[in-house]
Structure formats: C-alpha cells, structure tokens
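Shared between the two complexes below is chain A, which has chain B as its partner in the first and chain C in the second.
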Partner chain A sequence: MSTLLTVRDLVVEVPARNIKIIDGINFSLDSGQTLGLVGESGCGKSMTCYAVADMLPRGIARIGGSVTFEQDAGGGRATPKIAMIFQDPTSSLNPVHTIGYYLETALYRHQGLKGMDARMEAVRLLERVGIDRAASRLRAYPHQFSGGMNQRVMIAHALAAKPQLLIADEPTTALDVTMQAQILHLLEELKAETGMALMIVSHDLGVIARLADRAAVMYCGKIVETAPVAELLQRPAHPYARALIDCMPSIDPQDLDPPVPIPGSVPLLDSLPEGCHFHPRCLRASVECSAHFPASAAVGLAHEASCYHPVAA
Partner chain B sequence: MSAPLLKVSGLTKAFRHKTGFFARPTSQLAVNSIDLELAPHERIGVVGESGSGKSTLGRLLLGLTEPTEGDVWFEGVNHKERRERDWKAFRMRTALVQQNPLSALNPQMTVGQQIAEGLLVHHVCNRNFAYERAAAMLERVGLPGAMMNRYPHQMSGGQRQRVVIARALILDPRLVVFDEAVSALDVSVQAQVVALLRSLWQELDLAYVFITHDLRIVRHLVDRIAVMYLGRVVEMGDIRSVYAWPRHPYTRALLASVPSLDPAIRNIEPPIKGERDASKVSTGCAFRSRCPFAIDRCAIETPELRHVGGQQVACHLADELPKSIASPGGTLSPRTAVAQEMAL
Partner chain C sequence: MTAFILARFLRAIAVLVFTVTLVFIVLRLTGDPAQQMLSDNAGPEALAAFNEKWGLDRSIPEQYLYYVVNALRGDFGVSFADGREVFTVVAERIPKTLVVTVSAFILSLLIGIPAGILAAVRRETALDKSVMAGAVLGYSVPNFLLGLVFIFVFAVWLRVLPSSGSSTWNHAVLPVATFALFNAAAIARFMRSTLIDVLGQPYIAAARADGIPYWDVILRHALPNAAIPMVTTIGFVAGGLLGGSALIEPVFAWPGLGSGFVNATNTGDLPVVQAMIVLFTAFMVAINFSVDVLYAVLNPKIRKH
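Right, the complex of A and B next:
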C-alpha cells in the first residue's frame, strides 16, 4: 500500500481574530485505508476535512503546514480526486434541480459523459447506492426523497468523480439507526469495490469502530491520540479518549452502568487553557500539564498519544 | 399498584393531507389506537424511527393536539372534560422538553426571567421569591446562579438544555414529556444530562415519558419502554427484558442496527432494508413489507398486543422466533435461524 495523503503541521486560522482552529496536526492516509476522526463538536474535525479538500470557508485560512497527495504506480504527482459527503444531505442538495440533473452534470464534469451515456451511468450509480426504480427517480427533486435516500444520492454523486479519497463528515448523524446501518454497510461495500480511501468524521465511536482502520482523537484543534481502531477502543492512552469511550452508553444487557460524563465542557477557542488543553477536565492532570503541551509520544505499536500521564492499559 | 397518573385508551390521531390540488384528501394515522398507563414516579421510554408517531403521542398526552379518537386521563380526569381553568391547573402539573433548546428559549429574555416565568404566570409567588427559586433551580441543574442574567445565545447547547429542564421543573410537575431532549447534544454532554435526569428523578415526585430514537441513551433513563412503528405500539415491557430478548422483529432490527463498539463486528448486512412506507398499510401488520419473518397471515390479520414472555408484543410469530438472533451484530440470518429452530 502506498501513502495517498500526508498532512504535516497543518495550521488553520481565522486571521481576522487570530484564533487557531487547527493547531499543527500530522497524519497520513494510505490508499484504500480508512481514517476516523473523533471528538466533541468544535474540536476541529470538520475543519480538518475542509482543509484536506482545500475548501475552507471564507474568512478561514490555512497558514502553515502542508497537505500533499501522492499518486501510486507511475510515481507522477497529480491531484487525486476527492469527493465529500456531509451531515445533512437534504440541505446539501440544490432544491431546484432534479436528482438526474445533479448526477448528470457531475458525470459530464468528471467523466465527460453526455446525453444517453450520462443518463445510463446515473441510473447505474443510483442502483448501486440502493435506490430502486432508479430510472424514474431521475426526475425527482430532493424534497421528494427521505434523508436516507438523499444521502444515497450524495454518495452516488461522490462516486461519479471516481474519487481516490472520500471524505464523509458525520454522514449518518441525521439519520435513523436503521438507515444508519444501511448507509454504513453501503460505505463498507463501496470501499471494498472501488479501493478508495475514506476519511470519516463522527462523534459516534460506534460508527468509527465499524468503518475505520485507524482513528485519530481530536481535542481543541490538536490530534491528541492516534492508533489502530481496535487498539484505541481497547487500550486508549489519552484520558480524553478514555473519557469519550466511557461516555458512550451501552446497549449490552449485561452492562448496566450509566454513561460516565466528562466534567466541564470544551473550552472556547479564544480562551484555551495553557498547556494541555484538556487538563481542566482531566482527573489525571498535574502541574506540568498546565505548563506545557505534551509532545506526541509512542505508547504502543503505531499508537501515539500526547499526554504526560497516559492511562495504563 | 397505585392509581395511574396517566391513562390512555384507544388513542388515535389522523392527519389529513392532499397529494395534489385535485386529489382527494387522504388521512394518515400518526397515532393508531394506543393504550398506555403510567404510574406516579414511573419512567417510560418511547422509541421508533422518525415518522413513527412518537412526538404526536407526546403532544396528545399533554393535550397540545386534539385526538381524533380515544381518551387521555391525567390524575383521573379526562382531557375532554377539562375546562379552561382545569387546563391551567393541568399545565402547572405537566411540562414538555423539546429537542432544540435554542428554539425553545426566548432570545430576548434572560435565563432567570424564563425560569421564573412559570411561577409568575401561575401566581405561585411574588417576583422576588420567584427569582430566588429560579436561582436555586438553576443551581440544582448544575449551572452557577450567576447565569441568571445571561441570554440563551451566550450559553452552550448543553447549558441551554439544562435551562430548559430547569424551566420545566420549576413548578414541580408530576409529569414531564421529554421529546428528543438529548438528541442534539454531544455524547459527553449527553452523558451529563443523563446523569442529571437520573438524579432529579430520584429526588422529585416525577413521572416522565422519554421520547427518542436513540436506543442507547434511553436504556439508562427509563424502567419501561414502548416501541412504536407507524403509529402503533409493537412492543412494550420492562426495559431490561426487552433489551435482553426483544420479541418483535422490528425491535430486534432496531437493536441490531445500533453500531457496536467492537471493531471486529463489520460487514454485517443491515438488519432491515428499505424505509417505512405508510401508504402501503391498509390491513395486516404495518411492518410486514420489511419483516424477514413475514407469513401470509401478517397481510390479512393485524396483530394485537399480547403478553409474550415478560412483555407485550404485537406480532403473530412473537413466541415462535428464537432468542439466538437477538444479540446485536449476530451474523446468523433470520431465516436460517428460524429454520434451525424448527429443525430442533
């Protein structure tokens, strides 16, 4: 496997207010691999995705670090195709265009398909993502579809670009559990079929456990821990990762313990605490935690954490 | 058992809608002949997919929507017999907490004003005392009393939801309906609100109905659960027995759809395909088009709620389905499981 994406010391800022949204993060992603980003809202997960896709909103800029893509095989460098799907599919689709128009324009732009070819490919894509009676659905508008069906349309649209990297930002958060199970299975199948890499953002560790190979835990614009997903869930090193796992309610009939809340809340980005940003909420914090941000250190095989007092396995 | 706080019988709500300008209006049953009882200080969860009628049920219980058929009794009084003055007394003893705290709160009033408002509207006490009680309530839900003078936009989502809970509890109600009260919150904040609700319930003489689509969170908040599908209760019972052995295929599917924290469980087929489709429901079981176990009888005869094991289930096959596939993430396909069971 070759490296598809390398992110080095990425810094993203709101220049007008001098607030760092992402503060020097590093990660890489192999082709065909899935990276999961977890953390509470406001910790920079979505902004990392936008920075990678080079589509940061106006007023927010990348001021440091690099995002590089490498092409395998030929060794030549080219920008790989990236596609992105979002949390709220219905508001991501243009309400005045039909599903067919939406898919056919994407197919023209990315594959040069026109007319009947584009239409047939659009039908094939819709069928692939699990929409039945696809040919007649091309004339439908987004408001005629449910949220789950619109998310399927978004995925079909993403596939039209034949992406090497699909970025999914909370793709199932707005959906019912039954629909979530269907979409997660669809993403699993598509990954295996197309060999694309996937970056998935979710605050639900269950979604990450299901799809990701590696997971990165983010807090206040920094990656505080990164590990293979099984390792992270079974032996988290950073107290924040441990706390995130403990606050997931369980449905196991044997496990009757209620979820353990994390005290306090995520600090505002303009008033981050000194040192480790998590120390005011951390039960293991000591004096040094409030003085310096801990450097990332290996705590296991392919497992790194930024903590002075990692949780023992 | 003491007299029920809330009793519901044959509750039905139909919404009429037109598919086109000249189309004949059709009516859809959002809530379909529901019977329910809630004892004082009891907690019940209502779960189901969106569109299953959970929220409509919540509004019917509080008399915010008029039922098409059926009755709701609260403390022995039928909603239909309530007059204006009785409704005011009823409002003092009940409350509703909704999903989005920002839209539930008035942006132009301080948090303190909004919490105290209930006391003032119902002339419970004078202004000074009302503010004192509001401040005490604010601290009880875990916010500093100094936040009394804040406006909703100056708070985080979790803090706002605490304010809404404080406002709901200021009149010391007997019944609260929580409609997706924690769904919009982050997992960590969700856990905080869950801990708060658990401790509040222990202290107060309060019964609640917790409406949610989140099967993980509800388990830690209620004693009894009702599973709804297209307006009907398809399974009801003690939360532990339902989760240990869900008897209705829909409950099984819901529980099996919850993503597991075990990364070894992958590439499993979704437990049910397709989406709910109210248009197809005329006779028989509404779930049959998605049900892997459906038999001919399901299309003809609508299953009624009946006692199976420790719970009530509306399924013809409830006592024939094996327990083995109930575990979330089970790889056995339902049909082979039934075949195996029959062979034994």
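Right, the complex of A and C next:
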C-alpha cells in the first residue's frame, strides 16, 4: 500500500482577521483507503478538504505546511485527480443546466469524450449510481430530482473524472436516513470497484464508522486524535473523542445509558483558550493543560492523541 | 410553456384595456380642453361650439365608447391644435424617438453588462471601485441635468457637437450619450450585484472544484443564472425609455415622441396626449410580456412546469 496524500503542518487562516481556521495538522492517506474526519461544526474539517483540493474560498488562505501527492507508477509525482461531492447536492448543481449537460461536459473535460460517446458514458454512469431510466433523465434539470437522486448525479459526475481521491464533504447530512444508507452503500461499492481513496467528512460517527478505515477527530482547527476507526470507537484516548462517542444515542434497547452532552460550547476561533483548546470543557484537565498544547503522542498501534491525560483503554 | 405564454398574453391585453380606460377618464376629469385651447377671452358660444365640434359635450361613457370603436379602426381622432390626424402626428415622431432610444438602449447594454461583469469578477479591486463610483454618479445625476452638462461641455465650451435639433447624425450624439450613460449605470450596478450573488452559490464552488477554467465558470455557469434576474432590470430600463424621452428630448429640442408629448400636454391637445399615453402603455405592456416570455426561456424551473 503506497501513500497517496501527505499533509504536513497545514495552516489555513483568514488573513484579514488573523484567525487560524486550521492550525498545524498532519495526516496521510494511502491509496484505496478511507479517512474519516469527524468533529463539530466549525472545527475545520470542511476547510481541510478545501485545502487538500486547493479550492479554499476567497478570503481564506493556506499560509503554511504542505499538501503532497505521490503517484504509484514509476515513483513519478504528478497532481492526481481529485473529485469532490458536497453536503447539499441540489444547490451544488447548476439550476440552468441539464443533468446530461453536466455529465457530458465533465466527460469531455476529463476523458475527452464527445457526442454519442459522451452520452452513452453518461447513461452508463447514471445507471451505475442507481438511477433508473437513465437515458431519459439526461434532459432533466436538478429541480426535477430529489436530494438523494441529485447526490447520485454528483457521484456520477465525480466518477467521470476517474479520481484517485474522492472528497465527500458531509455527503449524507442533507438526506433522510434511508437515502443516507443507500448513498453510503453506493460509496462503499464504488470504492471497492475503482480503488480510489476516499476522504469523508461528517459529524456523524455512524457514517465514519461505516465507511472509514482510519478516523481523525478535529477540534478547533487541530487534529486531537487519529486511530483505526474500530480502535477509536472502542478505545478513544482523547477526552473529546470519548465525549463525542458518549453523545451518540444508542438504538440498542439493552443500552440504558442516556447520551451525555459535552458541557460548555465550542470556543470562538478568535478567542481560543490557551493550552489545550478543549481544557475548559474537559473533566480531566489540570494546570498543565491550560499552559501548553499537548504534542501528539502514540497511545496504541497506529493510534495517536494530543492529550496529557488520555483516557485509559 | 404555451399555456404560460397564453396566460401572460391575456394579462397583457387586460392591462392595456384597463390603462386606456383609466387614462381616458382621468384626462377628462382634469381640466376643460376648450378653456386651454381657446384664448382667455373666448365667449361661452365659442366654448360650446368647440365642445360640440369635438364631441366633448356628450357623457363620458358615450365619448369612451366612441373613442374605443374608432381607436380599434386605427382612428385616434384629429389634433385640436392643427386639425391633422393624430395617427400621423404621432407616427411621424416615432422614428426620431426610436433612433435615440434604441441606440441608447443597445449602447447601455454594451457598456453596462461588461462593466458590471468586470466589477463583479475583480471585486474589491481598484477596477471595481472606479466602475461603481462611475455608476453611482451616472445613476444619481438626473438625466436632464446630465444633458445640460453635456450641452455646456461639448456644444458651448468645446464646440464640437450641436446642442439642439435633429438635422444630422451629429445631433443624435448628445441625446444618445445622455440616455445611454444613465441606463448603463443602472445596468452595471445590478449586473455586478446579481453576478456576485450567483458567484457565491454552491454550484459555482462545485464547478470550480471540478477544475473548469475560470472564465468558463463565469460565462457558462454563472451568467446564465444571473441572466434571469437581469432580464427584469433590463425590462425596467427598456420600459423607461419612452418615459425618459419626455425628459431628455426637450433638453436637446429633439423632435420625437417625448417633446411631442410635453408640447401636447402644455397646449391641452387631448387626442394627441391620449394617443401617446396609449402608445407608451402598449410599449410598456409589450416589454413586460417579453420579459415574461424570456423568463420562461431562461429559467428551466418555469419552462418545465
């Protein structure tokens, strides 16, 4: 297994207001693997995706660190193909263009297909993502489709690029539960079929648990813990990761523990507490925690956490 | 789509009939044309004779019926002022006004749309700020005042262009420029804000993420969406052309519908005033109807209903 993507000491900020949205994060992703980014709204998980795809919005800039891609073949390096799907599929599709236009222009751009070839490939892609009567749907507009169908169209569009890395930013958040399950299933299948790597962002640990091989927990622009996903769910080391897991309601009737909310609220990025950003909300915090941000340290096999007082396994 | 257009067409006809009726009644309630047309010392016999001659002694519903029946046959009566057919009086002024308004309209689109696009794309730069400063200036100065400034600069001071009349093409330059700059300012401002709004939409971010070249994103993905609200604004501008001609033409003594309308109102030439209002209304209704049809063409959500 070779490394596809390496992110080193990435720092992203809003220069005009001198606010660091992402503050020195490190991670890597092997080809064919899935990395899950999890955390509350505003923790920087979406911005991490945008920084990797090199499409940060205006007014936000990468000011430090590196994002590098390695190619399999021959050890040569080139920009790999990255495709992205978004949280709200219907507003991510241009309302004045047909589904056919959307897919066919992408097929021309990425694969050089034109005319009938492009049309046939577009139909094949739509069928692949589970849209029936695909040929007749090419003339449809996004407003004629449901959110779930539009997300399938976005995935078909992403496949047109034959990506090595698919970035999925909250791909199922706007969908209802049954649709969520279908989309997750589709992503799993496509990953196995094409061998592409997947970076999936979600605040839903269930989604991460289902799709990801590894997970990284983010809090206030930093990765506070990273581990294989099963390990993270069973033996979280960082108190924040532990708290996130405790927040999840269980559907097991034997499990009588109610979900436990995390006390306090996420601090604003322009007034982050000194030291570990989580310490004011943390039950295990000590004097040390308010002085310096803890360095990332191994707490298990391929399992690292930034905490002075990790939760014992 | 056909049903949509048919419904809009019927609505346009209804608006036209309503306006003609309203104008007819209001004009007859706002002063006695005989008093206005005849000299102050005209006797009661003269006034009565005038009223009888033009049918003004009959009841308003009677006059209205008579007017509508004749209007449908293309007969709008004769001018009180010189006894010529109203149709001729109005028709001979139409080309003069079209020359100024149509060229000003095209010019304002050619200036306003690219200026607005550039300002939106180069947002917050010196280019954007100077375009917008120009637009605010052009939009806030009343156009008759701008006309006077142009006359002062180009006719009085530099002496390069004639200030009034319509005998040569040079005479059209100042009225067209006055008209076009005012409208271009309005179009540029709205183009900029509409495009900035569209550029903030998720589908634009998605298009960029897909690696579509920058100007392709602007031209093929953003502009078709911006065109939908733009049509409304451009419709307003087009609808204001004839009304604007009443302000601008007198400044340059340009013998079009605008100055004709002002003259006829001043002299109380009722049939001419009325015919011109009907024409202005018909023009406005036609513009609104075209805006509705263009909406349907540009917006798949309406088209595919």
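Heads up, the rule we're going with is that the second predicted complex is superposed on the first by the 313 of 313 C-alpha atoms of A that agree within 3 Å, B and C clash if a C-alpha of one lies under 4 Å from a C-alpha of the other, contacts with A are read in each partner's own complex, and residues count from 1 in each chain.
Methods note: contacts are C-beta pairs under 8 Å (C-beta built on N, C-alpha and C of every residue); 3 or more make two chains touch, one makes a residue touch a chain.
Please read these numbers as outputs of a predicted model, since none were measured by experiment.
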Chain A as common anchor, with chain B and chain C clashing or fitting: fit
Chain B versus chain C as contact partner of A:55, first or second or both or neither: second
Between chain B and chain C, more extensive residue contact with chain A: B
Chain B versus chain C as contact partner of A:181, first or second or both or neither: first
Chain B versus chain C as contact partner of A:91, first or second or both or neither: second
First (chain B), second (chain C), both or neither touched by A:141: second
Chain B versus chain C as contact partner of A:205, first or second or both or neither: first
Contacts of A:277 with chain B and chain C, given as first, second, both or neither: neither
Chain C versus chain B - closest C-alpha approach in the superposed model, Å: 6
On chain A, positions contacted by chain B and by chain C: none
Complex interface listing, chain C residues touching chain A: 201-203, 205-212, 221, 224-225, 228, 298-301, 304
Chain A to chain B touching residues, read off their complex: 40-41, 146, 148-149, 176-182, 184-185, 188, 203-207, 209-212, 229-230, 233, 243-245, 247-251, 253, 258-262, 265
Of all residues in chain B, those that touch chain A in their complex: 49-50, 156, 158-159, 186-192, 194-195, 198, 213-217, 219-220, 240, 243-244, 253-273, 275, 328
Contact set on chain A toward chain C in their complex: 53, 55, 57, 83-84, 86, 88, 91-98, 106, 109, 141, 143-144, 154, 157, 161
